[in-house]
Amino acid sequence: MLGALVPYQHWLSSGDNTWQLVAGVLVGLMSIPGLAVLYGGLVQKKWAVNTMFMAFTGFSLVLVCWVLFSFKMGFGNSWTGVGHGIFHNFIGKPGTVLSHEGLQSQANIPQVSGIGSMPPFRFPMSSLVWFQFVFAGITPLLFLGSVLGRMSVKAWMLFVPLWSTFVYTVNAFLLWGGGYWAQKGALDFSGGYVIHLAAGTSGFVAAAVIGPRLKRDREHAVPNNLLLVAVGAGIVWLGWSGFNGGDPYFAGADAAAAVLNTNLCTATALLTWVILDMVASPMKKPTFLGAINGMIVGLVGITPAAGYVDGFGAMMIGVIDCVIVFFAWYYLSKIRPFNKVDDALGVVYTHGIAGFFGGILTGFFADPTMIVYVGTGKTPAASSAGLFFGHPWQVMIQLFAALTIIGYDAVVTFILLKVVGLITPLRMPDEVLEIGDAAVHDEEVIPPETLGRMASASVSYENS
Amino acid sequence: MLGALVPYQHWLSSGDNTWQLVAGVLVGLMSIPGLAVLYGGLVQKKWAVNTMFMAFTGFSLVLVCWVLFSFKMGFGNSWTGVGHGIFHNFIGKPGTVLSHEGLQSQANIPQVSGIGSMPPFRFPMSSLVWFQFVFAGITPLLFLGSVLGRMSVKAWMLFVPLWSTFVYTVNAFLLWGGGYWAQKGALDFSGGYVIHLAAGTSGFVAAAVIGPRLKRDREHAVPNNLLLVAVGAGIVWLGWSGFNGGDPYFAGADAAAAVLNTNLCTATALLTWVILDMVASPMKKPTFLGAINGMIVGLVGITPAAGYVDGFGAMMIGVIDCVIVFFAWYYLSKIRPFNKVDDALGVVYTHGIAGFFGGILTGFFADPTMIVYVGTGKTPAASSAGLFFGHPWQVMIQLFAALTIIGYDAVVTFILLKVVGLITPLRMPDEVLEIGDAAVHDEEVIPPETLGRMASASVSYENS
Amino acid sequence: MLGALVPYQHWLSSGDNTWQLVAGVLVGLMSIPGLAVLYGGLVQKKWAVNTMFMAFTGFSLVLVCWVLFSFKMGFGNSWTGVGHGIFHNFIGKPGTVLSHEGLQSQANIPQVSGIGSMPPFRFPMSSLVWFQFVFAGITPLLFLGSVLGRMSVKAWMLFVPLWSTFVYTVNAFLLWGGGYWAQKGALDFSGGYVIHLAAGTSGFVAAAVIGPRLKRDREHAVPNNLLLVAVGAGIVWLGWSGFNGGDPYFAGADAAAAVLNTNLCTATALLTWVILDMVASPMKKPTFLGAINGMIVGLVGITPAAGYVDGFGAMMIGVIDCVIVFFAWYYLSKIRPFNKVDDALGVVYTHGIAGFFGGILTGFFADPTMIVYVGTGKTPAASSAGLFFGHPWQVMIQLFAALTIIGYDAVVTFILLKVVGLITPLRMPDEVLEIGDAAVHDEEVIPPETLGRMASASVSYENS
Amino acid sequence: MKLITAVIKPFKLDDVKDAIRSVGIEGMTVSEVQGAGRQRGHTEVYRGAEYEVDLVPKVKVEVLADDSQAQDIVEAIVNAAKTGKIGDGKVWVTDASDVVRVRTGERGSDAL
Amino acid sequence: MKLITAVIKPFKLDDVKDAIRSVGIEGMTVSEVQGAGRQRGHTEVYRGAEYEVDLVPKVKVEVLADDSQAQDIVEAIVNAAKTGKIGDGKVWVTDASDVVRVRTGERGSDAL
Amino acid sequence: MKLITAVIKPFKLDDVKDAIRSVGIEGMTVSEVQGAGRQRGHTEVYRGAEYEVDLVPKVKVEVLADDSQAQDIVEAIVNAAKTGKIGDGKVWVTDASDVVRVRTGERGSDAL
């Protein structure tokens, strides 16, 4: 036979490609419906529809930008060309990934993959674009938790693309795209900084700039349905196996270790919060939402560490990060600036502080016997060591990387919101805030069935 | 060693098999719980249980038929033997796939795979049967949206197997099983015609034959819970990555491209509907259910195209199909026959029309540089070209294939319903319709807890 | 080039590893959010939060024990050393799997894999630990259904780790870890005995020891929301594709057959219950919760059999097991001891009896042409034969294995609860039972929004 | 002043509202209630356990009106709510000694 | 005609319904309400924020009856609803000047 | 005895409760209702179909009080519930001929 059809090119591994695609789907599910209904159930009833609307549109907006220009800003060639220092390694050059090369050629992060620190990818560009998109897409949904209940739809629909373009891509390039902090050896396995610290920081700044919810809403800020919170939280938890498991980019031993560590740290942190609730909270009772908080802290805390630490490290991060966030939640929240900013769902604690300390703890617990990639011949295996494994400087690298993210993201978030504010008001008017969903969207999460009447049924049978 | 146990035969690729199985699970989740709760949340409260009951039983009925006879009708050898013309390439010969060969031998679509147009499969029959079942299983659940709120349970339980056997298998054979339209080069990547146009057409005909819902129900046709709509919609969206991603049958570059295109078209269409809602709807407000409508249109629109078009094509399909469906939804619905048929959830728009134009647009945007299968030696790669890539005839092929589906499905749906109507009434009696779930199933979606009392607790502790 | 980075060791197959990881995620989703919201929706409103809290904490507790000591008790070397008889093949030696070897070395069940009956694994330890954890983690959540609405949180948090350590690991070692019943050839593909018979037995004993729910609660034991039941049930159903599909440990033909069989048996059983509801239940009406019961019976029934039977066997198990459980549910429940124990959700029927007969039926229907592993050279393929295929003794093996599980689990559950009862009361006090969630957790599933006021908002903006 | 209370079938609410308005009263207060009476409830079955709901969903409408309007309103409600089938409901009238409009403090007829 | 209104503990509804029927009245209207009184509410906690619910779920039962039956009904309700613990509720009686059965237009005692 | 019924804006409930307590009455019964009146409802849109909800969520508070306290309570409620915007609601007073505390069987003022 002179030739035949084969399903794919020689560089492609169907196992690795499948893992990358499925991991992407799992992370996608964390956003839609995961976070949409987790937040949709956590807010009071009058804001459930608006919260979900923001989640669905935010996710969509990022994807459109992603393929048009921003994927390359995070994972392409440095915009300012090759060079030293942070300014030459800050952001990638924008470009589309819409062509058949952008979809079907071999995936590649030019400043990272196949050039020593990472084996060449065994899947196509579209798998990489998809996988990295779901991370870019979830980040605005995380900080939505800070600003819901007052941010206007139009402002949201402008701010999300801008933030994703000017903040997220920089975070990603610096740590994952081969930028400055990647070169310095900062560790962020799956986004403790790029995503969670970023969401916590930007959400907090945005909550401050946009201003608080109505007093009346803060006084009745009870969840509308904990069953939906559980649906969302459960999908977020298990979906996180893809979040962290997909980041080695290969379905190997490190991916599996990352999956197990993720779940282990999460279980540990969840139980830690439950125990703290029972002994250190004002009511001394275990609460379901406390368990969910602990769960999120564990998920966030292990994110920068998942494939770098061993199981012991994963459990320690779960305990330590959860204790820190628990006490921040109860005590830090009483002092400035935390008591002056209405961060509606407390994103600054469960994502910002949890991500910050997760990253720092990675600097302590990174275990060099955990092999991310296997060396052959004389090439040593790729792995990383933290303070407890003879590399104390790692903690400082982690700290400085974190401060870069906090500083940059806070400032640019502030500027972008001021710019958006020139175009459209950031807040909804008070009359709209008083009513909520019914005023913003003409919809209610549970419409009062017997108390209304269809007036014009544009899509419905008419009696003839 | 003279021999050993190995996990699988040489023809099997664990990567491809995993992808096919997981893609099947994702599509399965789109039905159960996806559509079940999407529709269950969209209907008014009195019909939520019935809607979900229909979804769970419909899915189950198709699977039983599928393994007993209908899989082979869609994907087996032509019933009427080899020959030319549509009648010799219309439907496969029924047969079971219950034996160990039906489960564990190498998968094969006799008129398609491994015979030039497609490489031989690298997974077993059961993966193929499973993967194709989830498509067969979801289709009746889609047109359930047209007939809910009045179709009787018994009629449903007869109609679904009949429709699946006499309509779905023909659609599938014609386009996917190597039948007439496959031979003519009609493109339907994952079911824009086989599934969505079919569901829209058959649902519409069924709604007409069965008659409208009660006037009282149409006047109170508000959703009972948008959070559940979000749960369902989110699972449907992300699950669609398996819907379209699984259709190359290999976890290669085209699968990845299909996944990315699917999400991209969906995001684009969702945003298009939101913007149209803000500028062209009567209230000029963005609505959550509008976003969901746009999402569905995008998912349906990209379905016939997913692995044939590039990213630009995917976005264009998202915009164009959504604009068409949006205006059909608001204006076409006011004229005959659309204003005379009570298609409860508007399936004819979001699936029928969206699928029809998705298929036509595939005829425009199919990009021949998108490689479905890679050619080796002198064999050219398998790909397809549309009008914008020098193959104008493709649009006509798409059109004629669509008309075949519309015509055949409408007529046979009509006949089957008349037959079912001879056996059992198609509609529930009006007294039952007035009450809803409590009359049909003795269940309510949210039973009034304090207002009732357990009379005979067949499964409960008795005081001794 | 003298060397390079490669993504993984030569023994690792990315396809098999991906399958094992994804199957684990699917099973994890069955617990969280699957069972959490299935049960959370099935209980009356006052217990929804508590039910979900128990599910999330139970799952977490098992994982922590699992990596610290209990995985090795189920899947390690025999604690009492090599030897004959049940006491030398009863339980593994405890040990941690937290080190990098526990995470990244090649997976291995010392008394099973790679030693004749199973090819060597192609994935790392962490994939195995993860995959087997999700089974260990779901089991307590299943028997939660028997004891909810009165078991105290503290007792639960002590009992779950003890039960998992002293009961589950023994079940697993006996049948899956190479213990006594594995050596005798007892068949339990994915846990008909290890998990479901165990949950049914232990739940029933626990319900008896802890005592019934309040009379008042039993009289109002209506579900609080069937839409959430559908969300949970749907995830449980489709997730079960991983439950049974993952158990060959390779993504081969048997995995695919197990997936298809699982769905087929489930669809069959669901329809069987629906038909029995229509002809043999007191009200002669099809019910949604009847369909869900049938679904669960099908899932449980095929679990011990999934990769051993052909499609015909799968359907027969669906029908037979469902008929048995249906009549047990309606008639056995009226006689002692079943009418004396308040098994809140009837776990003893849908898991205990369904699992028992699923296992027995496996002894009838196991088809030796279903190849679990492929033999090469002179090594025969690994497969199993039941009574209908010339191996009548298999039924007795199945029976004795079942009786071992029932006897051991019942006795040890009883002892463990008595021990826990010495430390903390097993039941909540009656005053707490009267109120439910609001008393146990200071939370309600749907807080009454307009009727309360935030008093101290520890995490909220303060007016300055 | 009179307080007219009507317990009606839920789907008749729109008609009853229109009827009351046609008498010249714009305001009313509506709530969802459950009724027992000649109209029988029904049995629900959850997992085989029979659950008797002997109450039927109704809507309660309360209207304050001048003594002079009271009879007209009662008539209007009865006509609008009637289907002739069991369970159509009741209307009753009680005396209200005082009525105040919160916004203005107006009393009596002015408060309506 | 009298309108007897009872606010009771929700789980006593079945007993109260039976008690009213034993006096010979079949019809009544029931609704879910929240009560404040001696029986204290409780505090809920959502993500650390304390939320005071000082209201307690109650069920309200309204029964129209002939003047002659009113006292018996009050007695029957009080006996059936009593647990002796704080929060058992209240029963009160008001005058209804007119009662109509919607279905038939019957008035007064015939309308019950 | 008087029964004071107030229909108010939901977010005013806390203030109204406090106001009633300041007059010396601890007990009251609260329910969620829907009001029609000058305050307009709104239109909701579900998948393009317009759905008119002409009712506005309100809270109803019922308080039994001695005749002597009734006026004070009405004043207190009106003051607490007032925002000055349309839709603040109504308060009305009816006579209760009898009141019983279920727990003790006490009647009249003692039952409050």
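The letters A, B, C, D, E and F name the chains in turn, as written, and every chain counts its residues from 1.
Here is the rule we go by: a residue touches a chain if its C-beta (ideal position, glycine included) is under 8 Å from a C-beta of that chain, and two chains touch if they have at least 3 such contacts.
Because the structure is predicted, anything quoted here is derived from the model rather than measured.
**Student:** If every step must land on a chain the current one touches, say how few steps get you from chain A to chain E.
**Tutor:** So the least number of steps between the two chains is 1.
**Student:** Between chain C and chain D, how many steps is the shortest route if every step has to go to a touching chain?
**Tutor:** Steps on the shortest route: 1.
**Student:** If you tally contacting C-beta pairs, which comes out ahead, B-D or A-D? Let me know.
**Tutor:** Ranking A-D and B-D by C-beta contacts puts B-D first.
**Student:** In terms of residue numbering, is the interface formed by chain B and chain C classified as same (over half shared) or different (under half shared)?
**Tutor:** Copies use mostly different positions to touch.
**Student:** Roughly how far is chain D from chain F, going centre to centre by Cα mean, in whole Å?
**Tutor:** 17
**Student:** Take the average of all CA coordinates in chain C, do the same for chain F, and state the distance between these two points in whole angstrom.
**Tutor:** Roughly 52 Å, centre to centre.
**Student:** Between chain A and chain B, what's the gap in Å when you average each chain's C-alpha atoms?
**Tutor:** 32
**Student:** Check each residue of chain B and list the ones that touch at least two other chains.
**Tutor:** 13-16, 18, 22, 220-223, 225, 231, 282-283, 285, 287, 289, 329-330, 346, 442-444, 447, 450-454, 456-460
**Student:** What positions in chain F touch 2 or more of the other chains?
**Tutor:** 11, 30-32, 34, 43-51, 54-55, 94-95
**Student:** May I ask you to sort the chain touch graph into line, ring, star, complete or other?
**Tutor:** complete
**Student:** Touching chain B in the complex: which residues of chain D?
**Tutor:** 11, 34, 42-55
**Student:** Provide the residue numbers of chain A that touch chain C in the complex, in ascending order.
**Tutor:** Contacts found on chain A: 13-16, 18-19, 22, 26, 44-45, 116-119, 122, 212-213, 215, 218-227, 230-235, 237-238, 241-242, 245, 248-257, 259-261, 263-264, 266-268, 270-271, 274, 282-283, 285-289, 291-292, 295, 310-312, 315, 329-330, 333-334, 339-343, 346, 349, 367, 369-371, 373-379, 381-382.
**Student:** Going by the contact rule set out above, which residues of chain F touch chain E in the complex?
**Tutor:** So the residues of chain F in touch with chain E come to 1, 3, 17, 26-31, 64, 94-103, 105, 111.
**Student:** State the interface residues of chain A toward chain D in the complex, per the touch definition above.
**Tutor:** 450-451, 453
**Student:** Enumerate the contact residues on chain E facing chain B in the complex.
**Tutor:** 10-11, 13-14, 30, 32, 57, 59
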